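Listed after this line are the structures, all set down as structure tokens.
Next, two complexes with chain A in common: one pairs it with chain B, the other with chain C.
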Partner chain A sequence: MLDYAIRRVGLSLLILIVVMTAMYGMVFLVPGDPASLALGPRATPELKEALRERMGLDQPILTQIAYFFANVLQGDLGVDVWSKRPVLEQILEVFPNTLLLGVVALGWALVTGILLGCAAVVWRDTWVDRLLGVLSVSVISVPSFVVAIYGLIVFAVWLNWLPAIGAGETGDPASQLRALILPAFAVGIGWVGYLARLVRASMLEVMEAPHIRTARAFGMRERDIVLRHALRVAIVPTISILAVGFGSILSSAVFVESVFSRPGIGTLITGAVEKRNYPVVMGTVLFMTAFYLAVVTAADLLIARLDPRVRDVLRG
Partner chain B sequence: MSCADETSLGARRGIGRALLADPMGLAGLVIVVLFLSMAVFAPWIAPYDPIALDVKAKFQTPSAAHWAGTDHLGRDLLSRIIWGARLALGIAITSVGIAGGLGLILGLVAGYGPRWLDGLLVLVFDSMSSLPMIFFALAVITVLGPGTATLILVIVLVSFPAYARLIRTQTLALAGADFILAERVMGAGTARILLRHLLPNVTGPLVILLCMDIPVVIMLEAGLSYLNLGVKPPAPSWGNMLSEGYNALRQAPHVVVVAGIPLVLATLGFTFLGEGLRDVLDPRGAGRRWG
Partner chain C sequence: MSALLSVENLSVSYRIPGGRLRALRDVTLSVRRGEVLGIVGESGCGKSTLAAAMIGLLPQGATVEGGAIRLEGEDMRHLSPDRQRGIRGRSVAMVFQDPMTAFNPVLTIGRQVADFTGAHGQRLPQAEIAAMLERVGIPDPARCLGRYPHELSGGMRQRVAIAAALLMRPDVLIADEPTTALDVTMEAQIIHLLRALRADFDGAIVIVTHHLGVIAELCDRVAVMYAGEVVEEAAVDDLFHDPRHPYSRALLACDPAVVIPGTGHLPTIGGRVPDLSVLPAGCAFAARCPLADALCRTSPPRVAGQGRSVLCHRAATQVAP
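Here is the complex of A and B:
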């Protein structure tokens, strides 16, 4: 197990280093330099030179990459080109908002998706099953930011039940909760469909297992078999997919945050992309990649702990 | 060879029939054909020029003259939707095509080439697919600046690793098969084995995956254009229309409502068609992708 853990964490770190080097290298492959791009065409040469120096662009590229990694290890992700605030400080300020949105979205999707998946199994091959099938595919394919915009029009503009923008007043959990409902709905809805299908599929597989047949032979009610005995086994593959799914949840969050002008990682990075604020973009990408890799690695380790067969895979 | 052709032709006829029998697949097919014809015949069926301004007629609600109404610059929304189909499908098909080709080549190289190269390529594929897609896309856009070319590059970069991995797995599985070994024993060169024997056998699942990715790509294009990081205005991208409609949300809500409809319909249509195709071609559901 320890052997597996070391290999798995090592692989993640290697991937992180490759990704960051590639990202950093990419900046130098394009014509023009970040300083003049950020300042625009009317900048004077002196201004550009000053900014280049501040961004460390006058150093050779390998030195820059080395500095970059050394700084990152010390928790320094650089400084905002415009506001001169540390990037990490800005990220940590908004990250809890995004994390909360992601967790709540995944949470409601998980509960609803599992229930709908069970319903599809209990009433399998009836109209309920078919309707749920079509609904699942539909909600999976509809873009989350369109759901967000339509939700905003109906519930915030026409009905005026929920706030249209922001993340609520600080220190007022009730208003924060109200501001969370629409974004979490939009981010999670696709996962409801996905999880419902996943649970249905793995449950139908489990329904063939001997212990289910025994339960049937004893004359247990179908509903009890599904909820008490099949679900327990069928839920394992769902857990393993959740960690990977967190990545797509974060992607939806970027767009949805922007629709609701909700402070978060998404609004931070899209604002920075528009202004070509390299340190903020790079810092956010690094932070989110590291966070995502950590989640996926932790999930893999957890699964390996539960299922010894998985540990052998990396041994090759 | 002729025998193989006959079976695939027969299978194809079966596919058509099976797809028509599946209501969801049929609905998907109808919607996709509708959008494809909109894209192809845009210049002839669009009632107005999609970027012609008519500020006096701004924010008109749907009427006989403007079936879907007009936007903040008086542009006809229906014409913009029709031209938008050409833009969305053009970008989606171009980028998925390039990414599919790239994935095919790299996957074959990784699966059939020397082991060190395989290890290196797998590390690259894993690295690229292990970061949340959107953040990587935004980083590339920051470097290159927004625009249609950047958008296509971004889509190619975020999607080819999945294709390459699929092709690699397929190639690895086939490389040890008896008929490949027999070819080798008979002295067939690497190029012949790759092109004549591996290529035809690995493309089927790839095609399913490519079809299923088209709605994802349409969504990404619209999303990035919505954030003003994709296709540049005044081009009639559905994402641009959503963003312009959003800015006039309280004045003229019909703009944003109308702009969302083609996006929802197109993603639904392509997904339904992809699901239908997968059920028919690949009953075990191997071509599934999420993320």
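Here is the complex of A and C:
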């Protein structure tokens, strides 16, 4: 298990380096000189040159990448071109908002999705199952920012039940919670449908397995069979999908944060891209990639813990 | 002594595209307390469907078209689903064919056996479970309880399955091909174990197999099945020494254990099993039977015989095989 953990983490670090190098290259392929864009059309060439130098854009690209990684290893993600504040500081300031949004969205989606998936199995081929099927496919098909905009119009503008923008008053959990409801709903709703379908399919497959017949032959209650024996097997594919899904949760959080003008990684990165604030873009992407890889790695390790067969294959 | 478990005129069919497959036709069997009944037949003769019906767990798509399955006289089919569940495990326990897949891969043996024994109330203490594992010949039972199914050999898993079934203290123990998935050595060990256990077991045992050796070793009475029907039922000794149904004779002649000495020749039964969705008008075995005549091809035979039942028009005809 330890051996596997080390190899798995090593692989994640390798992926991180490849992603960052590709990202660095991509920034240079995007049209538009950051210096002239930042300084406006009336800037003098000397001024532009000075800014380029400050941003490190005058160096050869490989040198830039090398410097970048050297700094990252020292925990330095660079400095904001405009505010001169360290990038890491800005990220850490808004990241809790995004993380909270992602976790709450995933959390309610997970609980609801698994329950609805189990319900579809228990009442399979009845109207409950069919209704859940139609609803699931509907919510999967609607993009999260569309849900966000409609949610905003109905609950914030018309009904005035929930705040339309922001993340709530600092230090006031009730107001923060109220500000979280609509964004978390918008980000999570598609996943409710997706998870319900996934759990249902995985569960139906497991319910056909001979070991479920054994449990029935011993007279176990159907409810106990579903919850104690089948779910444990059916949940394994769900966890790996979920970890990958956390990445897409975070990217829909980016859109939803823009809709609700909610401070977070999403608003930070969209602002930085618009201003060609490269250190912030790079730093944020690096941070999110590292975070995402950490989640996927953790999920793989969790699967190895949950499924003893995976553990043994890895050991062997 | 009256029958503990009896099957009366049971007919079961499966829905298939464009019709129905008649898996069991008018099957009548019974087993008494203290008795071991063997059910033998080729693949597809309906023996596993019969075993599943006895515990009320027919696969999806199977329909009972008639008949009754009685446990101490009470027809299980007329009980509520909850009462049927109450019988499963507690009154009728089952050991399945494939010990590789019969256990949940992600739960430990101990957890599963504890869940099974707790299906009808209080779970049994681990010590009692361990004692039973020891009785069925599992070395270091405490350690076995903490292991996952894939960490045990097929033979060990089948021992655990038998132990779990015995822990339920059932009235009837059904073993569906208990040795088929095992290699020869393991098979011999499991047969040996079942023989030892039957001495202490005061219920009835039903063993479903295609292996005549298992029947000879373990059973008191045997029912031979062919194409969904019981074609002959007899005491084991009678069947082995004096098979009356032409199919029973052919089956015994084809046993690899009695391959004709010196020749290395293994006899086979010519022809094939009839299509269970388009059965012939007369006897189902007529097309393969050396004794069949015009009557056999047109009219279905009735059970005949004294003390033993044979489903054959020509049962009385004695011909050297």
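Quick note on the criterion: the second predicted complex is superposed on the first by the 277 of 316 C-alpha atoms of A that agree within 3 Å, B and C clash if a C-alpha of one lies under 4 Å from a C-alpha of the other, contacts with A are read in each partner's own complex, and residues count from 1 in each chain.
The working rule: a contact is a pair of C-beta atoms (placed from the backbone, for glycine too) under 8 Å apart; a residue touches a chain by one contact, two chains touch by 3 or more.
The structure displayed is predicted, hence computed values, not measured ones.
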item	value
Touching partner for A:175 - first (chain B), second (chain C), both, neither	neither
Contacts of A:229 with chain B and chain C, given as first, second, both or neither	second
Superposition-derived comparison: chain B or chain C, residues of chain A touched	B
First (chain B), second (chain C), both or neither touched by A:217	second
Touched partner set for A:296, first chain B, second chain C, both or neither	first
First (chain B), second (chain C), both or neither touched by A:209	second
Chain A residues contacted in one complex by chain B, in the other by chain C	none
Chain A-touching residues of chain B, taken from the complex the two chains share	24, 123-124, 126-128, 130-136, 138-145, 215, 219, 222-223, 226-229, 242, 246, 249-250, 253, 256-257, 260, 263-264, 267-268, 270-272, 275, 285, 290-291
List of chain A residues in touch with chain C within their complex	209-211, 213-221, 224, 228-229, 232-233, 236, 306-309, 312
Residue ranges of chain C touching chain A (in the complex, touch as defined)	55, 57, 85-90, 93-94, 96, 98, 101-107, 112, 115-117, 119-120, 148, 150-151, 161, 164, 168
Residues of chain A defined as touching chain B within the complex	11, 14-15, 18-19, 22-23, 26-27, 30, 37, 134, 137-138, 140-143, 145-146, 149-150, 152-153, 157, 194, 201, 241, 244-245, 247-248, 250-251, 254-255, 258-259, 269-270, 272-274, 276, 278, 281-282, 284-285, 288-289, 292-293, 296
